[in-house]
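Note that chain A is present in both complexes that follow, paired respectively with chain B and with chain C.
After this line comes the complex of A and B, so read on.
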């Protein structure tokens, strides 16, 4: 449906995209994952036709319709929810009747019925995002591009939003969404990891998990002393990573089973600390990939 | 296509309705200007405050002073000394000093016998009005004194009729003695009669030769604006100024606001073309500008009694051309600006020179060529003479082919440039 071929984009001498190529086809939802400054927004803008690539091209099928949800709220704050939706409906060629009917549907679907006459600018962050998506899918586009749609949205609303997007995809719309939340890969049929303007991996998230060569150990409630142990544990690893998340300490490793004993020897015995093995998540998988690309320096 | 344009026009009006401040500005601006230019901006100072210093203190100076005092436009006070009079000028309490020096004569022979007038030039418009009015009064006074001089000349001549014939010379008396008394009387009578006749014919010739004082002034007719009212000069220009201000400011804000708020991206992604977007954006501003234009026009004609002598339809069509040019300028500003602040500054930067250099207030002819060429880059410069011609002279705007051509070129040029820029900024 959409073919991105050798796209590069330079801004003031700095390459934001470097020979990016991929095809959007059978998988309904694709996540574009990458750290800040990886070029996600630039890639989306090139795909939306907002930026002209320095080289390469983006080819869509003939008469392909597009929906785009930008990173920042791009609707009219002084207009009501209904007025905004009507405007985009008409702009996309819907008749007044079609537009009215579709708006009713979407308001019900997004749960924005109660705020239909409220000014869009007065909505909460999550509601604004839902409205933006509603406005972008009014005309049932073939492709929906989203730039960090869940940014700044609470976890409950995030899950809700992804359910909405999944239902959009079921309706026949291709979805291509950039996100910073690595766990959101779980909702997608495919992920593209973008790093410094280049594609690192293009794969289904499940396959990436399967291919992940590391195992993960966690020490729960490690307490403030964990900083002291981190360096000593790190010395026991040939490759991998020691990092803390919250009050927990995580060890990513490729050692044999003996590593558990060696770590336990470092930990003080009187604190009642336990070492357990957990399943690595998308976060670990992607983080590891990006670190590899950075040249393996530790976090 | 029309559906999309309609959608944009509708959206603009909704936004405008919500944006009370902008809406108020667009309706209030012309009203405010009408009040300002209709009432406040007036270069004619009605009352000139005069201080008189009379050091001559004789009947001539007194009668002159009385004559000044009789003028409605002069408010006269007297001071004994020049130093005191100067102080009133310095303090801004008076505009003009009229000084009769000690040696003042009605018909002066040298500088010391002349009236001296001093005008406060720091107050430009008072000074100009004062000079104009003083010249009028002085001309009247001069005329009066010339008439007086003529009359005096005539009576002196008449008195001297019996003299100057040599009738009291010794030779004449000798000759008379030798004649009979009745003959003498006869001769004398005859001579006197002849003399008188000759004198009268001389007088007649003199009267013919001397100017008739009440006829000496030329017939001056001020056409088109007989009372030289400022408001009649201002309103035809104001019509254009309002058009260009409203359209430039609004369109300048129009596109850049969408850019700044990120809504432009949504528009670009949608199937709307740049042409549709431009047309959709311009229509509302056109409607408002036309409304403001008609408002100023109507108030000017019906409230300020500014005559509209020309043909309405051709004038309106030329105004539309001018409107398109201003829209183009606004649009161009909007597309080259990154944010609303920049657009505002750029708009002001183009509007203020138009205000000063277009001939709206100051005549182009008074500007040196180093600056005047700038005037000819501005559409308002071409519109104002057309507007004044239509209002005051009743000249059809279609007679000013060059003006129309310039406006047409400006309209096409700015709109095309703006569209190109706009397309490019859309990526």
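After this line comes the complex of A and C, so read on.
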């Protein structure tokens, strides 16, 4: 069981991590979510033992095997898929026979069978990522650390990637994945929100949704006057946020029912616009947490 | 602003773009959606005046995409996925470089100052671009693409690598520009970006497979007419079947 205790990390006089503590326990998959510069990569590197914390410690790693998938493609571009996997097997102390058997299993799992002889450098983004994961789990590590594994891949590949990670987790590997896709929380038993080097919250994503105190209203098809109304509605609100998504305008608030009437008074009556209440999702929950932490901007 | 009819582009035997029609009105944010290798970049390059089509007709800002490529290039703004900034130059030097490229001489100082203010770049003005994190790079790139106040902006995955708070703020800027009349074409394979467009055109293997307003498409492709698709992810998966056509 990995135990991160009071970990801080300073770089060029700036605190990248500030008193971070948590334990990886029975929850099989943990998502680390945070804005750019929150310290996600630094935390992963500290957990992997690639960086030594300025203070605090990471306990429980003795005898624990690790897999690490970084943001950058770390495999050999001019070697084939199969060669790369054998190479990683060797690095992790597997015999050729063990490797061969495990590689066969992983190729099947990842759907990389059809490209085993292709140069790794010639694979698409999604396939490279799958190969990176396969290489990192060849030796069935106790803990797999991933730094934004689905960044820049399309929805089909993203879903396949998470299915792959779920089966890796079922095989007994703890998964700790940094991500920028908020909806991916749905695949995880727990999320840790990191902001400016500090943990804002550590909780199951479903619980965070249940505890969310804001309500969400939407004006469908607000069209090309959305910004004008956005600015006006913002003045009406003492809590929450107004934002546009395509032609729809969203109002996140924690005010009384009177807000609906006040918003309707702003909207022109002749355009057939309606105000509808919808369920907030992970995006609203997390974005609001981060904005609250930024302070000031969200009222 | 953009009118394309049966635009086709081949590279040898490979048809990268196959008889694509596209129409984008002024003030619209149009999303060109597809997996890697779907033909988005090839199509964009033809619209920007960087590549000649093999077949079909097209006009961008009223200019012919075959014969008036230079005029198109001067009038559009383009922000690439890789941001095309010079890592060894500072933020301000990059802006000056792009201003020179777009031929801005009159009111240069004022324009640079106003972009630095509008994009809150004051604190990194003298920083080398190569040392800035992703969110900042995106802001510098966007400020550069808009130095000459172009009526038409091409943005290639503008927010694919940035965090949700920054993404939301960036899109608010796009909505402001669009509502004031700027036409914006966004290419992306990130459905969260696609959801934010007014209209989308979805491509697969060089062809257009769906086209329309986001809300409309979610209804049209729903299994049951009363419950529209919750996300565009589902539409993408339905229409492209398999997303990642391992390069191409």
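Here is the rule we use: the second predicted complex is superposed on the first by the 294 of 299 C-alpha atoms of A that agree within 3 Å, B and C clash if a C-alpha of one lies under 4 Å from a C-alpha of the other, contacts with A are read in each partner's own complex, and residues count from 1 in each chain.
In this section, contacts are C-beta pairs under 8 Å (C-beta built on N, C-alpha and C of every residue); 3 or more make two chains touch, one makes a residue touch a chain.
Just so you know, these numbers come straight off a predicted model, no measurement behind them.
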Partner chain in contact with A:74 - chain B first, chain C second, else both or neither: first
A:66 touches, of chain B and chain C: first, second, both or neither? first
Which of chain B and chain C A:49 touches, first, second, both or neither: first
Partner chain in contact with A:196 - chain B first, chain C second, else both or neither: neither
Chain B or chain C, by number of chain A residues touched: C
List of chain A residues in touch with chain C within their complex: 34-38, 115, 122-127, 151-159, 180-183, 220-221, 224-228, 230, 243-248, 283, 286-287, 290-291, 294
List of chain A residues in touch with chain B within their complex: 45, 48-52, 65-68, 70, 72-79, 83, 87-88, 90-93, 95, 119, 135
Residue numbers on chain C that touch chain A, as the complex places them: 27, 29, 35-37, 133-135, 157, 160-166, 168, 171-172, 175-176, 178-179, 189-192, 195-198, 213-215, 231-233, 236-237, 240-247
Contact set on chain B toward chain A in their complex: 3-4, 6-8, 10-11, 14-15, 18-19, 261-263, 265-272, 427
